[in-house]
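All chains are identified by letter, namely A, B, C, D, E and F, in their written order; residue positions are counted from 1 within each chain.
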Amino acid sequence: MSDLVNEFNAYREKMNERILGDDNKVIKRIFNLDTNAYQAGALDVKTKELLGLVASAVLRCDDCIKYHLETAYKAGLNRAEVVEALSIATLVGGTIVIPHLRRAYEFWDALEAQDN
Amino acid sequence: MSDLVNEFNAYREKMNERILGDDNKVIKRIFNLDTNAYQAGALDVKTKELLGLVASAVLRCDDCIKYHLETAYKAGLNRAEVVEALSIATLVGGTIVIPHLRRAYEFWDALEAQDN
Amino acid sequence: MSDLVNEFNAYREKMNERILGDDNKVIKRIFNLDTNAYQAGALDVKTKELLGLVASAVLRCDDCIKYHLETAYKAGLNRAEVVEALSIATLVGGTIVIPHLRRAYEFWDALEAQDN
Amino acid sequence: MSDLVNEFNAYREKMNERILGDDNKVIKRIFNLDTNAYQAGALDVKTKELLGLVASAVLRCDDCIKYHLETAYKAGLNRAEVVEALSIATLVGGTIVIPHLRRAYEFWDALEAQDN
Amino acid sequence: MSDLVNEFNAYREKMNERILGDDNKVIKRIFNLDTNAYQAGALDVKTKELLGLVASAVLRCDDCIKYHLETAYKAGLNRAEVVEALSIATLVGGTIVIPHLRRAYEFWDALEAQDN
Amino acid sequence: MSDLVNEFNAYREKMNERILGDDNKVIKRIFNLDTNAYQAGALDVKTKELLGLVASAVLRCDDCIKYHLETAYKAGLNRAEVVEALSIATLVGGTIVIPHLRRAYEFWDALEAQDN
């Protein structure tokens, strides 16, 4: 089992519980929306996951990228599709996206390694 | 014919010619890549246009949003699909995306009005 | 009556109606949250308006700045308080905030002129 | 004593000394301004600390968030006030602020733990 | 005489006077620093102007770009040097810089036209 | 030999190989452009490295800053020149650049230590 993936998820879950336990309405609703927004609608789940991934990549948020890589992986997107999405993010967002691309590759490799 | 769309495209084309006429290799290649990156590959053209749109929206670049709205429109994406993509951009990017959402709606309306 | 203020509000209201008429759940809830978040709670309304203003200023969103200047003005904040908040935004966000500071001053002057 | 807080402050102080020892006038004056800007004026210290915190949060600067959490804590702001400020930052800045919210909670907990 | 250049400078000067007349110490010192930072030191004025231009371009601040284009022009930098600096900004900052590149070209042309 | 420098370069090289091995045309060309853009042209290599450094600093990309610090160091730029460039970045980008300034100083010290 990959430490990179497990540690990311463990910290994320622990702190999300901590935040939601505090019962701030605005934050709770934003967390709720975050679940709703990626469900199938006019666009399917795979497309929406790629949109979340590209938004995270151009805004250069490593944790957001990791989260969407994992949900994309679970939604059945393959490496070629994910890489093509990230190539658009790198073009639109510029070479400053490249360090995040490195960490995205590392995390995707860890996701694949988990299953083998 | 919509002035909003026509004026946007006229200025864009005039200045792109001006820039490319200057023959800076790096800029020329970036312009080239911008054409290549949105062609069908592992992902289809429609998905890629939505990725370009969402990247533009969270980075809050009005001209980039307009450009991708028009290419999305021409690629056959409908309003519901575009709005759903923009809703993800607004959630990921926050309420500061809202003013750009207003102008995106106005531009999309102009694109639809052009055809009628 | 100030054209600057009236035109800003007219366009804002027209397009907000347009957007909300489209009935996208995620966008509607974000608009709702935007109203809720600035109501009195652990912090009073004036403080929250200044927080919204400074967030808008460092993210360099002119329309968001205008919106929060007007709500700050209506909440009874005075020029000295608003300017001090904007000075922190300029320090944290850097000199690229200055062009937005110019437009903020112009809009605040228009708000004050409206009442005289 | 919390390692999280102590390590943050130790590195910060060591490197600030290193930077200021280099005697670059522009950088020195920016550091000076950073002290001045948060002193009581038209707005009180607590409000200013929250403004600095929200600016840091929407610009997604973890170290800046930590610094303002500590100064906010020392200025006597309580958890409810700080969380409400951060909820505005998350709404304005979007879900990409959430990973920083996690680390902010962790740091605030460490600040409280230090005193017990 | 170019309207584009004159109108930009007229508004800028009018509002800067308005801001500085308000006598906020933090803002005044930031304005002061802005003058100091671009004077010759370890780096010459031309290099510093290009640094200010590239910083403005990647942060996508049109007014900051215009200001530095004019100071760069007055410092004797030629079009080839300015374009090469902007090509680096476009590569680092990505294709979202392109709309700002269009307006930068237009403003530089206006600066050159003023002298003929 | 400095661990800070060696670890940065080892990870960077390993992951770049991984990315380029995937053979995505858009990404490969962006990597290529990244090499081309900093070669001597209308501007010399030293100036271009400083432009890349300032762009990286205002966009607050630590890895990009480190990369350009090392290339700047190898191109023969001295500490005073690099610090002056970073002072402009801190002024334009604001106090949120300061944490990156701390890490930049630490990395530059490591580069100098490597040679002694």
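Throughout what follows, contacts are C-beta pairs under 8 Å (C-beta built on N, C-alpha and C of every residue); 3 or more make two chains touch, one makes a residue touch a chain.
Bear in mind that the values here come from a model prediction, so they are computed numbers and not experimental data.
Listed by label, the chains touching subunit A and subunit C alike are B, D, E, F.
Relative to subunit E, the chain whose mean Cα position lies farthest away is A.
Ranking A-E and C-E by contacting C-beta pairs places C-E first. Averaged C-alpha coordinates give centres for subunit A and subunit D that are 27 Å from one another.
Centroid to centroid, with C-alpha atoms defining each point, subunit D and subunit E lie 31 Å apart.
Between the CA-based centres of subunit C and subunit F the separation comes to 37 Å, rounded to the whole angstrom. The distance from the centre of subunit E to the centre of subunit F, each centre being the mean of the chain's C-alpha atoms, comes to 23 Å.
Within subunit B, residues 26, 30, 33-34, 37, 55-56, 58-59, 64, 83-84, 87-88, 90-93, 95-96 each touch two or more of the remaining chains. If each chain is drawn as a node and touching chains are joined, the picture has every node linked to every other. Subunit B contributes residues 25-26, 29-30, 33, 36-37 to its touches with subunit F in the complex. Across the complex, subunit C meets subunit D through its residues 30, 33-34, 37-38, 41-43, 47-48, 50-52, 54-59, 64, 78, 80-81, 83-85, 87-89, 91-93. In the complex of the two chains, the subunit A residues touching subunit D come out as 11-12, 15-16, 18-19, 22, 24, 26-27, 30-31, 34, 55-56, 59, 61-64.
Within the complex formed with subunit E, the subunit C residues making contact are 60, 79, 83-84, 86-88, 90-91, 95-96, 98-99, 101-103, 105-106, 109.
Interface residues of subunit A facing subunit E in the complex, by the touch rule stated above, are 58, 90-97.
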